[in-house]
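You will see two complexes here that share chain A, one where it goes with chain B and one where it goes with chain C.
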Partner chain A sequence: MGAWLHDSLTWSDAIIIFLWAVVFLFVVLGFVTYAIYFERKVIGWMQLRIGPNRVGPLGMLQTVADIFKLLIKEDTIPRKADRLLFVLAPILCYVPAFTVLAVIPYTEKLYFADLNVGLLYYAALSGISTLAIVLGGWASNNKYALLGGMRSAAQMISYEVPLVISVVGVILLSGSLNLRDIVDAQAGGWFWDWNFLPQIIGFVVFLIAAVSELNRTPFDLPEAESELVAGYHVEYSGFRFAFFMLSEYVYVYAIAALTTVLFLGGWHAPAPFLDFVPGIIWFLLKFAFIVFFLFWIRATFPRIRVDQLMGLGWKVLLPVSLLNVFLTAGYLELFVK
Partner chain B sequence: MDNYVNQYVVVAIFILLGILLPAVALTVGRLLRPHKPNDPKRTTYESGNEPVGEGQVRFNIRYYMFALMFVIFDVETVFLYPWAVAYNKLGLFVLVEMFIFAAMLFIGLLYAWKKKVLKWNSV
Partner chain C sequence: MIRTEELLLNVGPQHPSTHGVFRIVVKLDGEVITEATPVMGYLHRGTEKLAEQLNYTQIIPYTDRMDYVSAMTNNYVLVHAVETMMNLEIPERAEFMRLIVMELQRIASHLVWWGTYLLDIGAMSPFLYAFRDREIIINLFNELSGARLTYNYMRVGGVKWDAPPGWLDKVRDFIPYMKGKLREYDKLVSGNEIFLARIKGIGRYDAATAINYGLSGANLRCTGVDWDLRKAEPYSLYNRFEFDVPLGKNGDCYDRYVIRLEEIRQSLRILEQALEQMPSGGETMGKVPRAIRPPAGEVYVRIESPRGEIGCHIVSKGKAEPYRLKFRRPSFVNLQILPKLLVGETMTNLITILGGVDIVVGEVDC
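Moving on, here comes the complex of A and B:
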């Protein structure tokens, strides 16, 4: 991808990039479709059920059918809702979810934008989705939606702080915000050169905070489908609702890819003698493992209590992530310089 | 310099595409889906009861406190990121400086903790 970006762009180059981005969009949509199918299957197996198996071979078309159903469902907007904001909120939720994917590098050569502030770009844009959730809850003019939106926002901002601080250790070790440089800094041949072992505290905090940012079990209190009405999107129906769900799964993609890049060595092989396998295979394996991990904890963990939720974020994760920053900095000062 | 600007062209293309997908999907949806609004359908949902009062009710002050603390610590990360990038070129002095900065904010967190801002009780 990167080769022609060094010269000045012509319109035809821009159109080629645009077409590649469209291809990538369909890859992401395909991922979302089959991630939902895979999630339902995995949780089914873990709970000794079968999971979807009726629509298409092995139930493979179940999600496609679900999406089509949402597409042809009547779209109701409550009379009291703030129409403009109500329509705007799902779009505002989805746009940053897709835009953050521009900076993810997949291999040495396969990436879209090579920003020197890649990680900051990710952290800054992913924060915008919180705004869309508050907006959706407020514009619905519904008590449940408003309280659900407020709760989601409180949870997301509380866990965003440890999330962004936990990666400072990685930045310290690699001395760059560029995601490709961060992966290059983890090269060394063996899997213990990847950041997840030297940065084990940061890695654990990052994983917990990331699951909470995604509003997934055990932190799925905003939705809590078995005990509350839906939360901020209770008034949404049809494809507007689908866009809230879509951005949630696009963030699953984004977080899985980001974890791979930051902590699991990106496209590097776990051992030097495995170097003959192409980097993209390694990237996809690690990526698939993180996605599976998210579904796995959904099937096995109970939901955390609401009064424990904020306590965990502010009283445990934030001090631990700050401690990690100064431990890493101290280590660099004493042993590396 | 060209390279630098071009990366942001790619970002702009992604933003454009991000707006285009909802626009296209919702327009196609409008052609496919039925549109038969009636009054009961357009009332606000409240577990099947007639909605009581305004939807935009007053909510707990605690959300505001969390938002305030979020702003404080997010600003701290804005300082931490460039510090972390440049750390290898800077000396011990800068580490101590950042430690003092983080410690002062951490005292703020302890104060909020003591004042039971972080405790969650109903709503």
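Moving on, here comes the complex of A and C:
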């Protein structure tokens, strides 16, 4: 696919690219559908419940039914809301969520865009979604939504920084911002060649900051149910709400894939004798583990407080991630060069 | 200059964390509360006024609906007041049954508190674990009285039903089970850094303030005041058992949390002893006149409910109906300190503090 992007665009290429995008959209939507199902089942089991089991075999169509219900619901816009921004916000939230997925490589062959600044592209675009959350919170003209939106803005600024800096160690080790090169740099046969062990500090900071970027427990302050009812999307209903919901899960997909690529060796097998298993299987296994991990902590942790969240971001994660950059650079300078 | 405005926010009456229909109007400066006004009465049913038209046995179901999380202790305070007025002799078996259900009720009530408090703080799973364990108690009560929440179990002079065959063994089995689960709770929640950071040092007050506001229960004991009516003014059979009254020293939400969990352990201790000392047979209803007419006069009795001191004041004119019936409801009294505690706190701490007070809106509004 990458080769097409460099050729001059012809009609047939354009159609093929478009079709691929549509296929990919359905892959992602399929993921979202079953991620929600998986989350409800996993958390259900952890909480001694059964989870969805009515619609379709084993409840597999529950999410489909939920989305369908959201589609046929009345589309309400509060009278005093800022109409334009209110309508724009869910779209602005969803589009970047989907766009960032373009740079993620799944195997050596299977990738969409082979960008040299892949990581920067991801960080830059995913920031736009937060803008949409602030916008949605503001445009709703609701106090709870406003508080949720403001919290989201503060959280985003505080955690985007350590998130990006924590990856700098990985970039230094592999010498590239291209996600495929980063995976290639982790090839070595054994799982200890992957970045998560040499970059253990960066890995931990990245995971914490990533959960925060996802607005998930224990960092789900913008939509803190017990405080702000639903936070920024309190006034949204029907498909506009579904868009916020979808983009949240698309980001789960994106972060899980990104973690796999950056720290868990992408499509590489954990041991040389396991190489006969196709790379995509390994990728999916690691990816599924990260997704499971995100759901697991959601079932376990209470929510952190706003001021503590800021303190953790600026006073702990940022210095630690800077230290990680320093250590990695020192190591490279002293031992590798 | 940026023009800043105070935000007037209605928290409730329909809000996930107000535990029913309770409303607080808060003025927010950013996320900091500058003024908080509780608004209550959405669940007012006029229990006390209704009681004036009813005879004493008919009032018992109404007490179930006051503090619906702890109906057994409410039952007890009413029948205890009437019995005190009439100088009735209660058969030992009946008194043991009352004590056992009250202590089970205290455990069930604290479990509800524990689960919902963690839910307020943002942890979802403990809520379901607490309800799993509470379910056992609820089933026991169901077997005993035919109801899961509003038991209507006690009567003036005794209890309505004796324990069905095998019931006491089920209670006996529950004790070691619950002890194991408490260890599980501690492992899962009590040492969690996020949780501790959320509740330590939040909502602090000292002993003098607590007494001035008339607080009782864990809200008072968290400041170190040793005041548990089961020890201080033993009623029922509490002077026969050994148990400790857990005390705090900082008067913050963390102390209240620790105390309530420890009270579950102490209740289990009382249950163990009660099951051992309980007579194997005997009457469950004492000799009660056909029409319950307490002599003219007044009485005030108080007992330790899971939420604090619940009192019942009866003014009788010698009729079958009370002339005036007044309940001192601990949730209502404990709530008074809320506006003082909330000033200067953030929106997030509002939920932590309100949850820590442990109110039941049915009892606040009565």
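A few remarks follow.
Definition applied: the second predicted complex is superposed on the first by the 329 of 337 C-alpha atoms of A that agree within 3 Å, B and C clash if a C-alpha of one lies under 4 Å from a C-alpha of the other, contacts with A are read in each partner's own complex, and residues count from 1 in each chain.
As a convention for this text, a contact is a pair of C-beta atoms (placed from the backbone, for glycine too) under 8 Å apart; a residue touches a chain by one contact, two chains touch by 3 or more.
Keep in mind it's a predicted model, so treat the numbers as computed, not measured.
Once the two structures are overlaid, the count of chain A residues touched is higher for B than for its counterpart among chain B and chain C. Look at A:158: by the touch rule set out above, it reaches chain B but stays clear of chain C.
Once chain A of one complex is fitted onto chain A of the other, the partner contacts of A:220 are limited to chain C, with no touch recorded for chain B. When the two structures are aligned on the shared chain, A:307 is found in touch with chain B and with chain C. Residues 143-144, 147, 229, 306-307 of chain A contact both chain B in one complex and chain C in the other.
Considering their complex, residues 5-9, 14, 17-18, 21-22, 25, 71-81, 90-91, 94-99, 101-102, 112-116, 119-121, 123, 138, 140-147, 150, 153-154, 157-158, 160-161, 164-165, 168, 171-172, 175-177, 229, 234-235, 238-240, 243, 306-307, 309-311, 314-315, 318-319, 322, 325-326, 329-330, 332-333, 337 of chain A touch chain B. Considering their complex, residues 2-4, 6-11, 13-19, 21-23, 25-26, 28-30, 32-37, 39, 41-47, 51, 54-57, 59-60, 62-63, 66-67, 69-70, 73-74, 76-77, 80-81, 84-88, 92, 95, 98-99, 102, 106, 109, 112-113, 118-121, 123 of chain B touch chain A.
Per the touch definition, chain A reaches chain C in the complex via residues 43, 46-49, 143-144, 147, 217-218, 220, 224-229, 298-308. Across the complex, chain A is touched by residues 7, 9, 15-17, 31, 118-125, 128-129, 132, 188-189, 192, 194-195, 197-198, 346-351 of chain C.
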